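First the structure, which I've put down as C-alpha coordinates, then a few questions once you've had a look.
Chain nomenclature is as follows: A, B and C, assigned in order of appearance, with residue numbering initiated at 1 for each chain independently.
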Amino acid sequence: MAGAITIERILALQAAYIRCIDNNELEAWPDFFVDPCLYKVTTAENQRHGFEAGIIFADTKGMLIDRVAALREANIYEKQTYRHILGLPNIAKNGSAEAESETPFLVVRTMHDGQTDVFATGVYLDTYRVTGNDLKFSRRIVVCDSSRIDTLMALPL
Amino acid sequence: MAGAITIERILALQAAYIRCIDNNELEAWPDFFVDPCLYKVTTAENQRHGFEAGIIFADTKGMLIDRVAALREANIYEKQTYRHILGLPNIAKNGSAEAESETPFLVVRTMHDGQTDVFATGVYLDTYRVTGNDLKFSRRIVVCDSSRIDTLMALPL
Amino acid sequence: MAGAITIERILALQAAYIRCIDNNELEAWPDFFVDPCLYKVTTAENQRHGFEAGIIFADTKGMLIDRVAALREANIYEKQTYRHILGLPNIAKNGSAEAESETPFLVVRTMHDGQTDVFATGVYLDTYRVTGNDLKFSRRIVVCDSSRIDTLMALPL
(Lines give C-alpha, C1' and ligand atoms only; values in the text may rest on other atoms or scores of the structure.)
Protein backbone atom coordinates (compact mmCIF):
# COMPACT_ATOMS: atom_id res chain seq x y z
CA MET A 1 0.00 0.00 0.00
CA ALA A 2 1.26 3.44 -0.88
CA GLY A 3 1.35 5.71 2.16
CA ALA A 4 -0.57 8.99 2.32
CA ILE A 5 1.47 12.07 1.50
CA THR A 6 2.01 14.17 4.60
CA ILE A 7 3.10 17.81 4.57
CA GLU A 8 6.21 16.68 6.49
CA ARG A 9 7.24 14.42 3.60
CA ILE A 10 6.66 17.18 1.09
CA LEU A 11 8.74 19.64 3.10
CA ALA A 12 11.52 17.08 3.53
CA LEU A 13 11.61 16.40 -0.21
CA GLN A 14 11.72 20.11 -1.06
CA ALA A 15 14.51 20.70 1.46
CA ALA A 16 16.55 17.73 0.22
CA TYR A 17 16.17 18.80 -3.43
CA ILE A 18 17.66 22.25 -2.96
CA ARG A 19 20.35 20.91 -0.66
CA CYS A 20 21.44 18.53 -3.43
CA ILE A 21 21.87 21.39 -5.91
CA ASP A 22 23.32 23.97 -3.54
CA ASN A 23 25.84 21.44 -2.19
CA ASN A 24 26.96 20.55 -5.73
CA GLU A 25 25.77 16.95 -5.48
CA LEU A 26 24.25 17.10 -8.95
CA GLU A 27 24.68 13.39 -9.68
CA ALA A 28 21.92 12.75 -7.10
CA TRP A 29 19.56 15.24 -8.72
CA PRO A 30 17.84 12.95 -11.27
CA ASP A 31 16.86 10.59 -8.44
CA PHE A 32 14.37 13.16 -7.18
CA PHE A 33 12.20 12.35 -10.22
CA VAL A 34 10.19 9.32 -11.32
CA ASP A 35 10.82 7.99 -14.83
CA PRO A 36 9.28 9.12 -17.12
CA CYS A 37 8.85 12.59 -15.61
CA LEU A 38 8.39 16.17 -16.64
CA TYR A 39 11.01 18.78 -15.75
CA LYS A 40 10.60 22.14 -17.40
CA VAL A 41 12.00 25.62 -16.79
CA THR A 42 9.93 28.38 -18.32
CA THR A 43 8.89 32.01 -17.70
CA ALA A 44 5.67 33.44 -16.32
CA GLU A 45 5.09 35.15 -19.65
CA ASN A 46 5.47 31.92 -21.64
CA GLN A 47 3.28 30.09 -19.13
CA ARG A 48 0.58 32.78 -19.39
CA HIS A 49 0.53 32.59 -23.15
CA GLY A 50 0.52 28.79 -23.17
CA PHE A 51 3.79 28.61 -25.11
CA GLU A 52 5.18 25.12 -25.00
CA ALA A 53 8.79 26.06 -25.48
CA GLY A 54 10.57 26.36 -22.19
CA ILE A 55 14.16 27.20 -21.37
CA ILE A 56 14.87 23.64 -20.29
CA PHE A 57 12.78 20.57 -21.06
CA ALA A 58 13.23 16.95 -20.03
CA ASP A 59 10.73 14.11 -19.86
CA THR A 60 12.90 11.16 -18.98
CA LYS A 61 15.39 10.54 -16.23
CA GLY A 62 17.98 9.85 -18.90
CA MET A 63 17.66 13.44 -20.12
CA LEU A 64 18.28 14.70 -16.60
CA ILE A 65 21.34 12.48 -16.29
CA ASP A 66 22.64 13.77 -19.64
CA ARG A 67 22.15 17.30 -18.43
CA VAL A 68 24.28 16.72 -15.35
CA ALA A 69 27.00 15.13 -17.48
CA ALA A 70 27.00 18.19 -19.75
CA LEU A 71 27.24 20.51 -16.73
CA ARG A 72 30.18 18.55 -15.36
CA GLU A 73 31.93 18.70 -18.70
CA ALA A 74 31.38 22.46 -18.89
CA ASN A 75 32.76 22.64 -15.36
CA ILE A 76 30.11 25.19 -14.61
CA TYR A 77 30.41 24.85 -10.85
CA GLU A 78 33.81 26.46 -10.98
CA LYS A 79 32.08 29.64 -11.95
CA GLN A 80 29.01 29.91 -9.77
CA THR A 81 27.07 28.50 -6.86
CA TYR A 82 23.38 28.78 -6.05
CA ARG A 83 21.51 29.26 -2.83
CA HIS A 84 17.82 28.38 -3.01
CA ILE A 85 15.43 29.83 -0.45
CA LEU A 86 11.93 28.36 -0.57
CA GLY A 87 8.62 29.62 0.70
CA LEU A 88 5.92 27.36 2.07
CA PRO A 89 4.18 25.05 -0.40
CA ASN A 90 0.52 25.63 -1.19
CA ILE A 91 -0.88 22.12 -1.36
CA ALA A 92 -3.52 22.17 -4.10
CA LYS A 93 -4.55 18.52 -4.25
CA ASN A 94 -3.56 15.62 -2.08
CA GLY A 95 -4.58 12.04 -2.72
CA SER A 96 -2.94 9.06 -1.08
CA ALA A 97 -0.48 8.43 -3.90
CA GLU A 98 -0.24 11.76 -5.72
CA ALA A 99 -0.30 15.42 -4.66
CA GLU A 100 0.15 18.84 -6.26
CA SER A 101 1.62 22.02 -4.84
CA GLU A 102 2.92 25.48 -5.69
CA THR A 103 6.07 26.62 -3.91
CA PRO A 104 7.67 30.07 -4.29
CA PHE A 105 11.43 30.16 -4.65
CA LEU A 106 14.31 32.62 -4.72
CA VAL A 107 17.78 31.77 -5.98
CA VAL A 108 20.83 33.84 -5.13
CA ARG A 109 23.88 33.22 -7.28
CA THR A 110 27.43 33.72 -6.06
CA MET A 111 30.10 34.07 -8.71
CA HIS A 112 33.67 32.86 -8.36
CA ASP A 113 34.89 36.36 -7.52
CA GLY A 114 32.41 36.56 -4.64
CA GLN A 115 29.82 38.73 -6.33
CA THR A 116 26.27 37.94 -5.31
CA ASP A 117 22.95 38.64 -7.01
CA VAL A 118 19.34 37.55 -7.05
CA PHE A 119 19.49 35.17 -9.98
CA ALA A 120 15.88 34.05 -10.22
CA THR A 121 12.53 34.10 -8.45
CA GLY A 122 9.40 32.23 -9.31
CA VAL A 123 7.24 29.30 -8.38
CA TYR A 124 7.58 25.53 -8.57
CA LEU A 125 4.47 23.79 -9.91
CA ASP A 126 4.96 20.27 -8.63
CA THR A 127 3.25 16.92 -8.80
CA TYR A 128 4.48 14.33 -6.32
CA ARG A 129 4.15 10.58 -6.53
CA VAL A 130 4.85 7.86 -3.98
CA THR A 131 7.09 5.16 -5.46
CA GLY A 132 7.85 2.37 -3.03
CA ASN A 133 8.98 4.07 0.17
CA ASP A 134 9.99 7.27 -1.56
CA LEU A 135 8.27 10.48 -2.47
CA LYS A 136 9.42 11.85 -5.84
CA PHE A 137 8.53 14.49 -8.38
CA SER A 138 6.51 13.25 -11.32
CA ARG A 139 6.35 16.82 -12.63
CA ARG A 140 8.28 19.97 -11.75
CA ILE A 141 7.54 23.06 -13.81
CA VAL A 142 9.81 25.91 -12.79
CA VAL A 143 8.10 29.19 -13.67
CA CYS A 144 10.55 32.09 -13.49
CA ASP A 145 9.11 35.57 -12.85
CA SER A 146 11.50 37.34 -15.14
CA SER A 147 11.63 36.81 -18.87
CA ARG A 148 15.21 38.02 -18.79
CA ILE A 149 16.80 34.78 -17.63
CA ASP A 150 20.54 34.48 -18.05
CA THR A 151 21.01 32.54 -21.28
CA LEU A 152 24.10 30.93 -19.87
CA MET A 153 21.94 29.41 -17.17
CA ALA A 154 23.16 25.94 -16.55
CA LEU A 155 22.53 24.68 -13.04
CA PRO A 156 19.12 23.13 -12.37
CA LEU A 157 16.54 25.24 -10.59
CA MET B 1 -17.33 26.09 19.00
CA ALA B 2 -14.43 27.87 17.35
CA GLY B 3 -11.52 25.50 16.73
CA ALA B 4 -8.09 26.04 18.26
CA ILE B 5 -5.57 27.72 15.99
CA THR B 6 -2.93 25.24 14.90
CA ILE B 7 0.42 26.20 13.40
CA GLU B 8 -0.65 24.30 10.27
CA ARG B 9 -3.62 26.64 9.79
CA ILE B 10 -1.43 29.70 10.31
CA LEU B 11 1.11 28.46 7.77
CA ALA B 12 -1.63 27.65 5.27
CA LEU B 13 -3.14 31.14 5.65
CA GLN B 14 0.23 32.82 5.19
CA ALA B 15 1.00 30.72 2.11
CA ALA B 16 -2.43 31.39 0.55
CA TYR B 17 -2.16 35.16 1.20
CA ILE B 18 1.07 35.62 -0.73
CA ARG B 19 -0.05 33.26 -3.47
CA CYS B 20 -3.11 35.46 -4.00
CA ILE B 21 -0.97 38.57 -4.48
CA ASP B 22 1.87 36.99 -6.45
CA ASN B 23 -0.61 35.27 -8.80
CA ASN B 24 -2.42 38.55 -9.46
CA GLU B 25 -5.69 37.39 -7.90
CA LEU B 26 -6.11 40.69 -6.05
CA GLU B 27 -9.91 40.55 -5.99
CA ALA B 28 -9.60 37.72 -3.44
CA TRP B 29 -7.23 39.67 -1.23
CA PRO B 30 -9.78 41.50 0.99
CA ASP B 31 -11.30 38.13 1.95
CA PHE B 32 -8.20 37.33 3.98
CA PHE B 33 -9.38 39.93 6.51
CA VAL B 34 -12.28 40.14 8.97
CA ASP B 35 -14.44 43.27 8.85
CA PRO B 36 -13.64 45.65 10.47
CA CYS B 37 -9.91 44.97 10.35
CA LEU B 38 -6.61 46.78 10.49
CA TYR B 39 -4.25 46.72 7.53
CA LYS B 40 -1.32 49.07 7.72
CA VAL B 41 1.99 49.40 5.88
CA THR B 42 4.60 51.39 7.76
CA THR B 43 8.36 51.58 8.30
CA ALA B 44 10.49 50.35 11.19
CA GLU B 45 11.46 53.93 11.89
CA ASN B 46 7.84 55.13 12.10
CA GLN B 47 6.95 52.11 14.21
CA ARG B 48 9.84 52.79 16.61
CA HIS B 49 8.81 56.41 17.08
CA GLY B 50 5.14 55.52 17.50
CA PHE B 51 4.11 57.58 14.48
CA GLU B 52 0.58 56.76 13.47
CA ALA B 53 0.91 57.71 9.86
CA GLY B 54 1.70 54.70 7.74
CA ILE B 55 2.21 54.38 4.01
CA ILE B 56 -1.09 52.54 3.62
CA PHE B 57 -3.94 52.42 6.12
CA ALA B 58 -7.27 50.59 5.98
CA ASP B 59 -9.62 49.59 8.77
CA THR B 60 -12.57 48.19 6.86
CA LYS B 61 -12.88 45.54 4.18
CA GLY B 62 -14.50 48.19 1.98
CA MET B 63 -11.27 50.19 2.00
CA LEU B 64 -9.33 47.11 0.90
CA ILE B 65 -11.81 46.52 -1.92
CA ASP B 66 -11.49 50.17 -3.00
CA ARG B 67 -7.74 49.78 -3.05
CA VAL B 68 -7.89 46.80 -5.39
CA ALA B 69 -10.28 48.70 -7.68
CA ALA B 70 -7.82 51.61 -7.81
CA LEU B 71 -4.95 49.24 -8.60
CA ARG B 72 -6.91 47.67 -11.42
CA GLU B 73 -7.76 51.08 -12.84
CA ALA B 74 -4.10 52.10 -12.73
CA ASN B 75 -3.31 48.81 -14.47
CA ILE B 76 -0.33 48.47 -12.20
CA TYR B 77 0.09 44.78 -12.86
CA GLU B 78 1.21 45.52 -16.38
CA LYS B 79 4.26 47.09 -14.91
CA GLN B 80 5.44 44.82 -12.14
CA THR B 81 4.98 41.53 -10.35
CA TYR B 82 5.94 40.54 -6.83
CA ARG B 83 7.38 37.40 -5.34
CA HIS B 84 6.98 37.10 -1.57
CA ILE B 85 9.27 34.80 0.37
CA LEU B 86 8.29 34.32 4.01
CA GLY B 87 10.24 33.15 7.01
CA LEU B 88 8.74 31.09 9.78
CA PRO B 89 6.18 32.82 12.02
CA ASN B 90 7.06 33.47 15.65
CA ILE B 91 3.80 32.69 17.43
CA ALA B 92 3.59 35.16 20.32
CA LYS B 93 0.16 34.39 21.76
CA ASN B 94 -2.28 31.65 20.90
CA GLY B 95 -5.76 31.34 22.38
CA SER B 96 -8.47 29.15 20.92
CA ALA B 97 -10.04 31.94 18.84
CA GLU B 98 -7.26 34.50 18.43
CA ALA B 99 -3.50 34.35 17.96
CA GLU B 100 -0.61 36.74 17.30
CA SER B 101 2.58 36.23 15.35
CA GLU B 102 5.54 37.95 13.76
CA THR B 103 6.64 36.72 10.32
CA PRO B 104 9.68 38.02 8.40
CA PHE B 105 9.18 38.67 4.71
CA LEU B 106 11.14 39.51 1.60
CA VAL B 107 9.58 40.78 -1.62
CA VAL B 108 11.38 40.66 -4.95
CA ARG B 109 9.87 42.80 -7.70
CA THR B 110 10.15 42.01 -11.40
CA MET B 111 9.52 44.87 -13.79
CA HIS B 112 7.96 44.48 -17.21
CA ASP B 113 11.36 44.58 -18.91
CA GLY B 114 12.52 41.65 -16.77
CA GLN B 115 14.59 43.63 -14.28
CA THR B 116 14.53 42.17 -10.78
CA ASP B 117 15.29 43.77 -7.42
CA VAL B 118 14.72 43.29 -3.71
CA PHE B 119 11.73 45.59 -3.30
CA ALA B 120 11.09 45.31 0.43
CA THR B 121 12.00 43.36 3.54
CA GLY B 122 10.39 43.53 6.94
CA VAL B 123 8.07 41.79 9.32
CA TYR B 124 4.34 41.11 9.43
CA LEU B 125 2.79 41.77 12.83
CA ASP B 126 -0.39 39.71 12.63
CA THR B 127 -3.45 38.98 14.72
CA TYR B 128 -5.54 36.03 13.54
CA ARG B 129 -9.17 35.34 14.30
CA VAL B 130 -11.32 32.28 13.66
CA THR B 131 -14.56 33.22 11.90
CA GLY B 132 -16.81 30.27 11.21
CA ASN B 133 -14.60 27.66 9.59
CA ASP B 134 -12.04 30.16 8.40
CA LEU B 135 -8.92 31.69 9.83
CA LYS B 136 -8.49 35.34 8.88
CA PHE B 137 -6.40 38.36 9.73
CA SER B 138 -7.99 40.80 12.15
CA ARG B 139 -4.83 42.88 12.04
CA ARG B 140 -1.83 42.92 9.69
CA ILE B 141 0.79 45.58 10.27
CA VAL B 142 3.47 45.44 7.60
CA VAL B 143 6.66 46.94 9.02
CA CYS B 144 9.19 47.62 6.24
CA ASP B 145 12.86 47.70 7.19
CA SER B 146 13.74 50.53 4.87
CA SER B 147 12.36 54.03 5.17
CA ARG B 148 13.07 54.48 1.49
CA ILE B 149 10.01 52.69 0.18
CA ASP B 150 9.12 53.34 -3.44
CA THR B 151 6.44 56.03 -3.31
CA LEU B 152 4.79 54.52 -6.34
CA MET B 153 4.25 51.39 -4.30
CA ALA B 154 0.89 50.04 -5.19
CA LEU B 155 0.53 46.31 -4.80
CA PRO B 156 -0.36 45.05 -1.34
CA LEU B 157 2.42 43.63 0.79
CA MET C 1 14.44 12.83 31.28
CA ALA C 2 15.40 15.00 28.36
CA GLY C 3 12.57 15.24 25.82
CA ALA C 4 12.97 14.14 22.22
CA ILE C 5 13.75 16.90 19.75
CA THR C 6 10.76 17.54 17.53
CA ILE C 7 10.89 19.45 14.26
CA GLU C 8 8.50 21.97 15.84
CA ARG C 9 11.06 22.77 18.56
CA ILE C 10 13.83 23.14 15.99
CA LEU C 11 11.73 25.49 13.86
CA ALA C 12 10.75 27.54 16.92
CA LEU C 13 14.40 27.90 17.98
CA GLN C 14 15.47 28.96 14.49
CA ALA C 15 12.65 31.51 14.29
CA ALA C 16 13.41 32.94 17.74
CA TYR C 17 17.14 33.22 16.99
CA ILE C 18 16.74 35.41 13.93
CA ARG C 19 13.99 37.44 15.58
CA CYS C 20 16.41 38.25 18.40
CA ILE C 21 19.02 39.62 15.99
CA ASP C 22 16.67 41.35 13.55
CA ASN C 23 14.82 43.05 16.44
CA ASN C 24 18.08 44.32 17.90
CA GLU C 25 17.76 42.32 21.12
CA LEU C 26 21.40 41.26 20.97
CA GLU C 27 21.79 40.90 24.74
CA ALA C 28 19.57 37.80 24.51
CA TRP C 29 21.66 36.28 21.71
CA PRO C 30 24.25 34.38 23.81
CA ASP C 31 21.42 32.56 25.60
CA PHE C 32 20.69 30.60 22.45
CA PHE C 33 23.92 28.68 23.05
CA VAL C 34 25.05 26.15 25.64
CA ASP C 35 28.33 26.86 27.42
CA PRO C 36 30.89 25.89 26.21
CA CYS C 37 29.71 26.10 22.60
CA LEU C 38 31.03 26.61 19.12
CA TYR C 39 30.01 29.63 17.09
CA LYS C 40 31.93 30.20 13.91
CA VAL C 41 31.39 32.28 10.79
CA THR C 42 33.37 31.11 7.79
CA THR C 43 33.16 30.88 4.00
CA ALA C 44 32.31 27.95 1.74
CA GLU C 45 35.80 28.18 0.28
CA ASN C 46 37.50 28.01 3.69
CA GLN C 47 35.18 25.18 4.73
CA ARG C 48 35.99 23.23 1.55
CA HIS C 49 39.69 23.55 2.11
CA GLY C 50 39.43 22.67 5.79
CA PHE C 51 40.90 26.00 6.89
CA GLU C 52 40.36 26.52 10.57
CA ALA C 53 40.42 30.28 10.50
CA GLY C 54 36.93 31.70 10.28
CA ILE C 55 35.74 35.27 10.19
CA ILE C 56 34.33 35.00 13.69
CA PHE C 57 35.14 32.36 16.26
CA ALA C 58 33.80 31.84 19.79
CA ASP C 59 33.78 28.74 21.97
CA THR C 60 32.39 30.07 25.21
CA LYS C 61 29.29 32.02 26.09
CA GLY C 62 31.56 34.68 27.59
CA MET C 63 33.07 35.33 24.18
CA LEU C 64 29.59 35.81 22.72
CA ILE C 65 28.71 38.24 25.52
CA ASP C 66 31.94 40.16 24.90
CA ARG C 67 31.07 40.39 21.25
CA VAL C 68 27.69 41.94 21.98
CA ALA C 69 29.32 44.45 24.33
CA ALA C 70 31.77 45.43 21.59
CA LEU C 71 28.94 45.84 19.09
CA ARG C 72 27.04 48.06 21.50
CA GLU C 73 30.14 50.17 22.10
CA ALA C 74 30.66 50.57 18.36
CA ASN C 75 26.99 51.54 18.12
CA ILE C 76 26.76 49.46 14.99
CA TYR C 77 22.98 49.28 15.05
CA GLU C 78 22.77 52.92 14.23
CA LYS C 79 24.20 52.09 10.88
CA GLN C 80 22.47 48.94 9.70
CA THR C 81 19.76 46.39 10.35
CA TYR C 82 19.47 42.82 9.17
CA ARG C 83 16.57 40.74 7.94
CA HIS C 84 17.18 36.99 8.00
CA ILE C 85 15.07 34.71 5.82
CA LEU C 86 15.55 31.02 6.49
CA GLY C 87 14.81 27.97 4.41
CA LEU C 88 13.68 24.67 5.85
CA PRO C 89 16.17 22.73 7.95
CA ASN C 90 17.49 19.43 6.64
CA ILE C 91 17.60 17.28 9.77
CA ALA C 92 20.66 15.07 9.41
CA LYS C 93 20.70 13.26 12.75
CA ASN C 94 18.21 13.28 15.56
CA GLY C 95 18.69 11.55 18.89
CA SER C 96 16.64 12.27 21.98
CA ALA C 97 19.07 14.80 23.41
CA GLU C 98 21.08 15.99 20.40
CA ALA C 99 20.30 16.67 16.74
CA GLU C 100 22.07 18.07 13.69
CA SER C 101 20.71 20.07 10.77
CA GLU C 102 21.61 22.22 7.80
CA THR C 103 19.51 25.34 7.22
CA PRO C 104 19.91 27.72 4.25
CA PHE C 105 19.78 31.43 5.03
CA LEU C 106 19.64 34.78 3.30
CA VAL C 107 20.36 38.08 5.02
CA VAL C 108 19.27 41.41 3.59
CA ARG C 109 20.93 44.47 5.10
CA THR C 110 19.29 47.89 5.28
CA MET C 111 21.58 50.84 5.80
CA HIS C 112 20.66 53.96 7.74
CA ASP C 113 19.91 55.86 4.53
CA GLY C 114 17.42 53.19 3.50
CA GLN C 115 19.62 51.38 0.99
CA THR C 116 19.01 47.65 0.86
CA ASP C 117 21.20 44.80 -0.39
CA VAL C 118 21.63 41.05 -0.14
CA PHE C 119 24.33 40.97 2.49
CA ALA C 120 24.98 37.25 2.80
CA THR C 121 23.67 33.84 1.83
CA GLY C 122 24.80 30.47 3.06
CA VAL C 123 23.98 27.60 5.32
CA TYR C 124 23.84 27.07 9.07
CA LEU C 125 25.46 23.81 10.19
CA ASP C 126 23.87 23.32 13.59
CA THR C 127 24.03 20.91 16.48
CA TYR C 128 21.22 21.21 19.00
CA ARG C 129 21.21 20.06 22.60
CA VAL C 130 18.41 19.82 25.14
CA THR C 131 19.37 21.52 28.40
CA GLY C 132 16.67 21.34 31.04
CA ASN C 133 13.47 22.46 29.32
CA ASP C 134 15.29 24.38 26.62
CA LEU C 135 16.64 23.55 23.22
CA LYS C 136 19.91 25.37 22.48
CA PHE C 137 22.73 25.40 19.97
CA SER C 138 25.83 23.50 21.02
CA ARG C 139 27.39 24.32 17.66
CA ARG C 140 26.49 26.80 14.94
CA ILE C 141 28.84 27.05 11.98
CA VAL C 142 27.75 29.79 9.61
CA VAL C 143 29.08 29.00 6.14
CA CYS C 144 28.77 32.02 3.84
CA ASP C 145 28.57 31.37 0.10
CA SER C 146 30.66 34.36 -0.86
CA SER C 147 34.28 34.79 0.07
CA ARG C 148 33.80 38.52 -0.32
CA ILE C 149 32.21 39.17 3.05
CA ASP C 150 32.12 42.79 4.20
CA THR C 151 35.12 43.12 6.50
CA LEU C 152 33.22 45.56 8.64
CA MET C 153 30.71 42.81 9.34
CA ALA C 154 29.67 43.11 12.90
CA LEU C 155 26.20 41.81 13.65
CA PRO C 156 25.88 38.12 14.33
CA LEU C 157 24.63 35.89 11.52
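The rule we apply is simple: a contact is a pair of C-beta atoms (placed from the backbone, for glycine too) under 8 Å apart; a residue touches a chain by one contact, two chains touch by 3 or more.
On a predicted model such as this, the values are computed, not experimentally measured, just so you know.
> Would the interface of chain A with chain B count as same or different, where same needs over half of all numbers used to appear in both copies?
different
> By how many degrees does chain B turn when fitted onto chain C using C-alpha atoms, rounded in steps of 5?
Here the rotation carrying chain B onto chain C measures out at 120 degrees.
> State, to the nearest whole Å, the distance from the C-alpha centre of chain A to the C-alpha centre of chain B.
About 28 Å separates the centre of chain A from that of chain B.
> Name the residues of chain B that each touch 2 or more other chains.
Within chain B, the residues that touch at least two other chains are 85-86, 106, 118.
> Which of the residues in chain B end up touching chain C in this complex?
Residues in contact with chain C: 7, 44, 85-90, 102, 104-106, 118, 121-123, 145-148.
> Of all residues in chain B, which touch chain A in the complex?
8, 11-12, 14-16, 18-19, 22, 81, 83-86, 106, 108, 110, 113-118
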